[in-house]
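Each of the next two complexes has chain A plus one other chain: chain B in the first, chain C in the second.
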Partner chain A sequence: MSRFAARDKPLALLILALAAIGLLILIGPVLIVLLTSFTTSQALRFPPPGLTLRWYADLFDPARSAQIHVAAGNSLAVAACTAALSTALATGAALAISRSRATWARMAEGGFMAPLVLPGIAYGLATLMFFSWLRQPPSFGLLVAGHAMIATPFALRTIGASAAGLDPALLESSAILGASPWRTFRRVVLPLIMPGVAAGAFLAFVSSLDNVPVSLFLSSAETDMLPIRMWGMMETSLDVRVAAASGVLVAVAFLLLVVMDRAVGLVRRMAG
Partner chain B sequence: MAELLSLAQLLLPTSAMLKTSPIETSTAGHRLDMDGIRVRYGSATAVDGVTLTVEPGEILALLGPSGCGKTTLLRTVAGFIRADAGRVLVDGRPIDHLPPGGRGVGIVFQSYALFPHMTAAQNVAYGLEARGRPKAEIVRRVEAALAAVRMEAFGERRPRALSGGQQQRVALARALATEPRILLLDEPFAALDRALRLDLQLEIKRIQRRFGVTAVLVTHDQDEAMSMADRMAVMNRGQVEQVAAPAEVYDTPATPFVAGFVGTSNRLHGKIEARQGEDYRIRLDVGATVTVPSQRGFALGERVLLSARPEHLMLHPDAPETAGSWPARLRLSLPLGPALVHDVEAGNTELKLHQARHGAPPSPGPVRIGLSPGARPALFPVGDAT
Partner chain C sequence: MSERGAWRLALPLALAQLLFFLSPLLLLAATSLATDENLDTASLAAWRDVLGDSFHRQAVLNTLRLGALTVLATLLFAVPLALLHMVAGPALKRIILLAAVLPLLTSVVVRTFAWIVILGREGVINSTLLSTGLTSAPIPLLQTEPGLILALTQIEMPLMLLPLIASLGRIDPALLDASASLGASLFRTLRRVVLPMALPGLLAGATLVFASASTAFISQSVIGGGRLAYLPSLVWQQAMVVFNWPLAAALALTLMASVLAVAAALSAVGRKAAHV
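Take a look at the complex of A and B:
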């Protein structure tokens, strides 16, 4: 036993070191942005010479950051609609394909999952070309449609896992007890897959909120989106409010993650 | 071609469901007929032309090995599977066109399939609510159903907080609360401890008798079929090989398969030597000549299979050579309370013997085997042997 441990020690150390480097690469930049958002300097520079909350005050000032607020409002509205649409689509898809071993079901699942591997920028361009071919001007609805395409696979992942865990005998029991399909869905299916649906809605919301490639092509002056606006601010002025906005986004996402994980075991569901 | 109802199909309304109101009748005394039912999955035939009648108030067991079609047949009666041919009739009226919920059929699954997010009482109320019964009636009937299975004290518990046996009783209460005309039991004891099984079998049979409900029990466990059923249908490869009372199936199996599947049997091959009335003299390949009565007709010189129950054979530890016995070697004797089980080798066949024990078990070694006096082992033409 001890001999094995001694022999495995270098390997264990190596794995630990790799994990530490991985975490550093993942978390490091986020910490740098967070620290920078408190800088007293006028520029996005690290390390900050001193710490202040003035950029957050600026960010939340309705007069000075009106455009950012409009963009944030748009982003939140699009994300909310996207989450609703994706969750509805993914729930329907998951119920139809989770139990079937037929070829069509596997193909449909592949189709729903395809946006995950599709290069975002190519997909963004494709949606723009497609919608202009249909002579549709950019609009809120098109943005939601484009985002939903990207967000649905995330929702399908967690809802599909929940639906696959449903005992078919429960549905048969409900049917033989005289329940209509709608009652079965409302009283049995939905309550039992609810954790997966909630987790899926959260993932869809977050993936829409920070989507750049689709928004880049489909947003217009009226539908300015937060990530696009932040990118514009970076390009023109290296505005420190961008760091502050990033800080807010990170904090909100983290808070939601903790709440969701407490409520429905989100981390476990994403891993599954 | 039969198709399993997929999740999506269960969730889509069927025209029949919208048109048919649930059947409202009392539970007792309905007759179930399965008439020429045939179900195919692709090229495989799961149920191959089964015709069975379940008499009012009776428990019929569908007994057979896995894959024999018994579960498919049950699911056809429930309406989860559409038969390719044949009809299901309750009280003489076909129910094939009705959805599961409109057939007046209740089911208890092997997994019990209680809704895990509802309490026991909510589970029992589910079918009554789905059928739009008035609130006061639901409360009254839920109480009555839980009391019938002696679970009235556990109404507020979730299934997770109940033992396997308690869950099964709630599942039974849920099925009976909607007053089904036919009760289907799909291996309802398979998930229970052996010690619990007999108690629950007795309890379910008692409840079934009290309600007078006609029931079909699917099982692969012959003891369960024996203890629960009034009659049993032994199934093999999609067909019914014998339908009879359990004792009759055991005593006079209709086919070699039934003889092998229900109870233990020793298979001995031989040839018909002589016949006198219904008694046949058979020359066994192991080197003995025995006389066995049989209702079947056999020709002189015909090859036959003699299927002997363990209690049909007798051990003679130090008997003289007689024409009716053959030499064998006793390998092991297990004293099981008042009985002895012998493991015996004769030529290249293994035999199991069961007889009353007197004193200490005999020691292993050469012995002679013969038919017990009055034993009526089953005789089959060898063409049937599988």
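Take a look at the complex of A and C:
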């Protein structure tokens, strides 16, 4: 901000100071969780009195943390299915919207994005009421259906941006050369929109892994989900294993972020 | 893939949303107008209970207030960060973007847990205050509204920061130089050049933060607002503990209506500003 005169210094400094505090607020808690997960203390004291790996050993112990392992397995399985379903639904919708300039396409896009602003807790309760009205007991499939409704808008955003950049002339050339619509999709369209599809699948996966409002109402003893189990541990005992589990999740998020950013420019897509 | 047949590709998502998104919400509305979850008898009892009871009215106000204060708190830090991103070099730009995206990819439960460690009796803030002698006893931060707003500021900030960065990224830096060389102060440049361009991102961010903060069940229940009750925890209690489904449905719809009203108001502001 050097191009501004001396009278602007106080405001420029204030902006810089607030930005610095903002960065600290964003990153600080993540680092604090990581450090806490190595504490020797039974309590969540900060700074930790000493460092140890015992909470990670506890967390990975198959006998002592069996319930956490079951919940983590369920969460990963539901997230994988949700990502596949959301990506397929969003890719179709994104191609349809990008091929049309009609009003219906703009309206449909608005409708497809609606789950983003609807309070999750209201939708979670609605799914519970709907499935119990249909006499469907809580199940893996219903969790996937509920998660997918919330996750699809995230996938649609990145896939839609990729599909909007498709050159219609390429599709026409492919058709004129005798390719079937399916072949055109597989050989021309999909390779071109692949970065958007991969980013979208990743965001849908993360959205499902992180989902609380739907799991809160639809998970049961057999389909316990990781965020709900961790919430229970936080409410009751403040078990330090929550810190170790958080440490694992932070490390995985960071690794995936680096990999996805290298592969498909994820960070740029999320700010674009 | 002909132009005319392309709309069929949107059918699977449209049908899925109709079946698994719209139908549950319609059933939610129907349940709020019944005496119980079997939907045999119509009744306005649940709505009388929500709108006529001062405890429930207060919970609605608490929730709206929490959403509004979180929006303001995220703005306070996200606007300077987005401005810094606009003028920063590539390395700093990257750090700011990573700082915005990483929390978004870490579970809300993890971010909420971090704030327990920060706000607790032996947490980061209290041990700093005690060791510097600023206080003689730990001050309560968990189970207070300021503590919850502070936590939500971090938890929701990426939702404000990313749209703001996207909006400000469309500003031509030459515009800022032009404004400065014409003698405008930094404040005037921000107000007359940057703010109008930032407005769409700001309003989109405000809508997302408000919607997310007012429905943040885990943060609200674990970090808590002390004696303040918020709608999401009332919805959960009525649905899963008391099993009064019509009341739970009416409370959930009240939350939904509040969030949608705020989203509509913000989008009206955006449309009005676009015409000026």
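FYI, the second predicted complex is superposed on the first by the 260 of 272 C-alpha atoms of A that agree within 3 Å, B and C clash if a C-alpha of one lies under 4 Å from a C-alpha of the other, contacts with A are read in each partner's own complex, and residues count from 1 in each chain.
We adopt the following convention: a contact is a pair of C-beta atoms (placed from the backbone, for glycine too) under 8 Å apart; a residue touches a chain by one contact, two chains touch by 3 or more.
Please read these numbers as outputs of a predicted model, since none were measured by experiment.
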With both structures superposed, pick whichever of chain B and chain C touches the larger number of chain A residues. C
If we overlay the two complexes on their shared chain A, which of chain B and chain C does A:L257 touch? Say first, second, both or neither. second
Does chain B (first) or chain C (second) touch A:A175, or do both, or does neither? both
Quick one: classify A:P29 as touching chain B (first), chain C (second), both or neither. second
Counting only touches as set out at the top, which of chain B and chain C does A:S100 meet: first, second, both, neither? both
Could you say whether A:R187 touches chain B, chain C, both of them, or neither, answering first, second, both or neither? first
Footprint overlap on chain A, where chain B in one structure and chain C in the other make contact: 95-96, 99-100, 171, 175, 181, 184-185, 189
Per the contact definition, I'd like the list of chain B residues that touch chain A in the complex. 6-8, 10-13, 17, 22, 78-80, 99-103, 105-107, 109, 111, 113, 115-117, 126-127, 130-131, 174, 178
State the interface residues of chain A toward chain C in the complex, per the touch definition above. 1, 3-5, 7-8, 11-12, 14-19, 21-23, 25-30, 32-33, 36, 43-47, 88-90, 92-93, 95-97, 99-100, 104-105, 108, 111-112, 114-123, 125-130, 132-133, 145-146, 148-149, 152, 156, 171, 175, 181, 184-185, 189, 206, 209-210, 212-213, 216-217, 226-227, 230-231, 234-235, 238, 242-243, 246, 249-250, 253-254, 256-257, 266-268, 270-272
Please name which positions on chain C make contact with chain A in the complex. 1-3, 6-14, 16-17, 20-21, 23-25, 27-28, 31, 37, 39, 76-81, 83-84, 87, 94-118, 120, 122-124, 127, 153-154, 157-158, 161-162, 165-166, 169, 176-177, 180, 185-187, 189, 207-208, 211, 214-215, 217-218, 221-222, 231-232, 235-236, 239-240, 245, 248-249, 252-253, 255-256, 259-260, 263
Please give the residue numbers of chain A that touch chain B in the complex, ascending. 95-96, 98-100, 163, 166-185, 187-189, 191-192
